[in-house]
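Labels A, B, C, D, E and F are assigned to the chains in the order they are written; within every chain, residues are numbered from 1.
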Amino acid sequence: MNTHPMKLVTVVCEAHAKEAVLRTIREVGAHGYTLFPVEGDGSQGLRTADIPEFTNLQIEVILKPEAAALLLERLGQEHFPRYAMVAFESDVRVLRPGKF
Amino acid sequence: MNTHPMKLVTVVCEAHAKEAVLRTIREVGAHGYTLFPVEGDGSQGLRTADIPEFTNLQIEVILKPEAAALLLERLGQEHFPRYAMVAFESDVRVLRPGKF
Amino acid sequence: MNTHPMKLVTVVCEAHAKEAVLRTIREVGAHGYTLFPVEGDGSQGLRTADIPEFTNLQIEVILKPEAAALLLERLGQEHFPRYAMVAFESDVRVLRPGKF
Amino acid sequence: MDIFDAIRANLLSPAVLFFVLGVIAAVSRSDLKFPEPLYAGLTIYLLVAIGFKGGVAVAEAGIGRVLVPAVTAMALGALIPLWTYPVLRFGGRLSAVDSAAIAAHYGSVSAVTFIAATNYLKSVDQPFESYATAFLAVMESPAILVGVVLGKLATRAAGDDSGASLRTAVHEAVFGRSIFLLVGSLIVGALCGEPGMKKVEPFFVTPFQGVLALFLLEMGIVAGRRLGELRKVGPFLLAFGIVVPVLNGALGVELGKLAGLSLGGATLLGVLSASASYIAAPAAIRMSLPDANPTLSLTASLAVTFPFNITVGIPLCLAIARRVYS
Amino acid sequence: MDIFDAIRANLLSPAVLFFVLGVIAAVSRSDLKFPEPLYAGLTIYLLVAIGFKGGVAVAEAGIGRVLVPAVTAMALGALIPLWTYPVLRFGGRLSAVDSAAIAAHYGSVSAVTFIAATNYLKSVDQPFESYATAFLAVMESPAILVGVVLGKLATRAAGDDSGASLRTAVHEAVFGRSIFLLVGSLIVGALCGEPGMKKVEPFFVTPFQGVLALFLLEMGIVAGRRLGELRKVGPFLLAFGIVVPVLNGALGVELGKLAGLSLGGATLLGVLSASASYIAAPAAIRMSLPDANPTLSLTASLAVTFPFNITVGIPLCLAIARRVYS
Amino acid sequence: MDIFDAIRANLLSPAVLFFVLGVIAAVSRSDLKFPEPLYAGLTIYLLVAIGFKGGVAVAEAGIGRVLVPAVTAMALGALIPLWTYPVLRFGGRLSAVDSAAIAAHYGSVSAVTFIAATNYLKSVDQPFESYATAFLAVMESPAILVGVVLGKLATRAAGDDSGASLRTAVHEAVFGRSIFLLVGSLIVGALCGEPGMKKVEPFFVTPFQGVLALFLLEMGIVAGRRLGELRKVGPFLLAFGIVVPVLNGALGVELGKLAGLSLGGATLLGVLSASASYIAAPAAIRMSLPDANPTLSLTASLAVTFPFNITVGIPLCLAIARRVYS
């Protein structure tokens, strides 16, 4: 089977940012996402994942390169100044390019 | 220390697919895997990870490039038609190539 | 917005290794990390994540290439012989290079 | 107490009202959600508690008295798919494999529905055989096996791995965690008897009704989330999900009487027949009939039949039993 | 019993001592930690239990008797941000948006503080209106809305999406999971009344105090972790976090008396006024006033006011009420 | 009641039968599994409950009466590694560092075994000093420290970071979460005394035995999973894991008598000596003697000694105590 290049954008953010980030993800045209609670440490201090309101979330989205660029740009402009957050992009290959 | 190229295959699938996917992973010759429950949204609807039988799982396997290609091919042929599932491949570098 | 290349080092290890690995991560100069419990199978047997002391952890760190190389080297020398552990490096792109 | 009073009494119990609250939470898209480990913990508690209590009752009654109704229950479970399959296949014009899958779900049972029924009987002071938990334990698997065989026969063309599929289904149906917990706790209860019960009663019996109420809040959320899929299943399955449980309930009550059960025990056998599986059957069927569409069977059993039974079906079974026994 | 005896009695209760133990765990960097689902499970239990009990009490008292004090409570919640905002803005020289955010936190309420207060009243045999839970339910949102409006007015320049922000805040404040659980359980309790209570009492009432003690251990850890941020909030907010609750407590007691509550009920209204929100308000404010600095409001309410109330504020409110009613 | 009756009585208790059920689940590869947060929650509950109760008992008995037996318990813990180390090193031909690690595990204690023992004593109506929990609290660490020193002395070559390792072990042994919870709850209990106990009794005492039974189901699964490693430890360690606990049990009973404990209290000191740590010791040893093979020590303590004690060791200690005191 042929694999097709796609982008994986990973966001680690405070729980309060969840709705805002998912909205942006939908708006740039992604067709799905994966999400789970994580602990973490960063410039805005330790997050120990013991109460749901103060936890961290890791959100993973596979999308087309243009959509990924747009997502990163909007995250950087709209969300980075407001929320504890890290985001990065990497290259992946998928089987069904139409799905993303 | 030298690092060696290897493939990371990530599968996100419904919990009912767990045994089938792990079996395929073993059959293509992987020596291990990592697995955790995740929430997600996709073409087959929201999975909110609140009951173990209806949750999503993320499964990560590091393996040799040929094994990764085989794994993806078999996932695409045997499991994609039957289960809610996403799979993708990416490039990683490891220290002990013999381990994978 | 411009993205900048950075390394993502992922470590999967037994819970007892947590403090030691986090210490090494700090020592090579990383400014943060993300961590969550996972199940897994590997050469040292199944870890089923049912009691916190015997579980596996996945630790993810974004850092500069030199720091990543140093981290992998120290993991390989100091921790691989002692703990059940897997570590790998991959390429990612971030927005704020100064943060890492 | 006529049937409408019975239903009203049930609807105003904490357990059912919390279930309704859960459905409202899901439908109104509140972010209320039980974390998975809480769901798992409550399930373990409920199965162990009901199993243990049932085991103590089996020990007291003696295996002899339990045997005939238990075999009846098993037969009933195996029988239900046989009559519902043609209804689905020809009445509902569903594919063979979907018909088999749905028939398996309706022949198998829902432990939570059973537990809610014992709760209801207690609240209306209707005595019943406590060892009825044994029927719950033996009724989960037979229908699944019959359903898988039906599905395999119907799709014989691709049938080369039939043996393996059946083995998978048997394994899932017999060694799955819920059946393991239930049967294991039954045996533990039977071995301990009353002296053991005294020790654990304050944990496994006294707070049981309250825990069930809390759990039904979560089950309301889980069921409510599926309501959105109702339009995918169509009017036939909707009607099926309500009418068939009533018929199976009546059948279960009648057979319970034949097997020598008391009014309360026959009601419980009726509820078991009326209930549809949404945990064990989906897992087993997913593995052995992977070409069946899980949305159909799961939505019917979880979003139609389960809420119907929790609110109306249970008191209805009691009303039927009252008529049959009077 | 004078005020110092009252405080000492409170400090030696299991609930408060476990809270202190939790703070010590956090401060001494012990690796003690409750897993998130355990925290969530305990929260659900406490809210459902207190809501259900309150609902049963509302049904018994009749909605008529609850109405006046409930409206008083709502008014009180809306009022507090109006007087605390200028204090913060001009006394504390905080930015407009931070002042609005903090004012919202202090007008809103902390359910755990309320629950600890009912516990304390019970332990000193001070009767109170059980339906006071209804005040808790209605006091969570008004202050958040007032605070958001204040913040939006103050930052009108960027105010084009004010409407959306307000809607988000309303939605969060009214449909957030804790308010949903509390109001839902109140209604369930009111519908069930005493007969329903009998069924679930061994789970929702009997072990309640013990569960609260265990939960406060976790809350001590959560609050203790924030102590490190105290130096970021400065002396003004520190003093604010202790003085304002006392003033609000006295205000609540007075209004409670005016509204016709008993001594115990007025104490609870005082405690609600004195308490500051650290769950609902942060979530709603984060979404509607995202430019406010969350460290300020959260540290003040969680690391200063919450521990103060749990240890000293609650018995102080009772002492104030005793003076007012004597 | 002779020794075989005692063992049979123990084997037929719900707690032990659920433990066996858990082992069966693990061995038969059922997918039954407690989610990690449930395990953590049950552990927290059990430690807090036993600690609090013990603290209340300490307050009642007075620190004076607890002191001598507590110091005896500490000494006993420090002593056990000293006599087991040479047995392992020379009898078992194990490496120095493995011998030290295993000796540390057997000198330290298992809280669950202790809790099961108090449960057993209660069920056979054997009175005991409730403040014995204090012995559990003080016996966890000494053996770990002695074991680490032994291991360091034996591997002095690489010994440049000995100080750091010892500090790590001390920190882990003294500030680890289980010891923190236990000691903290003891102190809370001692400060509250009987009045505090009354408030939390329905949560921390009444359902305790049932919770323990459920927890032992999970511990059976955890221990059962390790059975596969038995072939890795060899016949010597297998025998060691059964014989040494019996000897240590007898030693504990004798010293308990010398220290002035009652028959029940001496039995508990015996059980503590007989038990081997599988949580605190592995964590501390992993950090301070990282070259020891964890499979050896953990399999012996978790898959051999723990099941042995839960089923046979506990009644055996009581039988020994009966003989010694008659």
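Rule of thumb we're sticking to: a residue touches a chain if its C-beta (ideal position, glycine included) is under 8 Å from a C-beta of that chain, and two chains touch if they have at least 3 such contacts.
What you are looking at is a predicted structure, and each value in this text was computed from that prediction instead of being measured.
Undergrad: Please report the minimal path length, in steps, between chain C and chain F on the chain touch graph.
TA: Minimum step count, chain C to chain F: 1.
Undergrad: Using the contact definition stated above, find the chains touching both chain B and chain C.
TA: Both-contact set = A.
Undergrad: Using mean Cα positions as chain centres, tell me which chain lies farthest from chain E.
TA: So the chain farthest away from chain E turns out to be B.
Undergrad: Need the CA-centroid distance for the pair chain B / chain F, whole Å please.
TA: A distance of 40 Å separates the two centres.
Undergrad: Taking the mean of the C-alpha atoms as each chain's centre, how many Å separate chain B from chain E?
TA: A distance of 45 Å separates the two centres.
Undergrad: I'd like the Å distance between the centres of chain A and chain B, where a centre is the mean of that chain's Cα atoms.
TA: 19
Undergrad: If I count partner chains per residue in chain D, which residues reach a count of at least 2?
TA: In chain D, the residues touching two or more other chains are 33-38, 40-41, 206-207.
Undergrad: Which positions in chain C touch two or more other chains at once?
TA: Touching at least two other chains: 36-37, 49, 52, 90-91.
Undergrad: What are all the chain pairs that meet the touch criterion?
TA: A-B, A-C, A-E, B-C, B-D, C-F, D-E, D-F, E-F
Undergrad: Taking the complex as given, what residues does chain E use to touch chain A?
TA: Residues 33-36, 39-40, 218, 221-222, 225, 279, 282-283, 286-287, 290-291, 294 of chain E touch chain A in their complex.
Undergrad: Provide the residue numbers of chain C that touch chain B in the complex, in ascending order.
TA: 10, 12, 36-43, 49, 56, 58, 72-73, 75-77, 80, 86-91
Undergrad: Which stretch or stretches of chain D touch chain E in the complex?
TA: Chain D residues touching chain E: 12-15, 17-18, 21, 24-25, 28-38, 41, 123, 206-211, 213-214, 217.
Undergrad: Using the touch definition up top, name the residues of chain A that touch chain E in the complex.
TA: Residues of chain A touching chain E: 16, 19-20, 37, 46, 48-55, 82-83.
Undergrad: Quick check on the complex: what are the chain C residues that touch chain A?
TA: Of all residues in chain C, those touching chain A are 1, 3, 6, 8, 31-36, 62, 90-96, 99.
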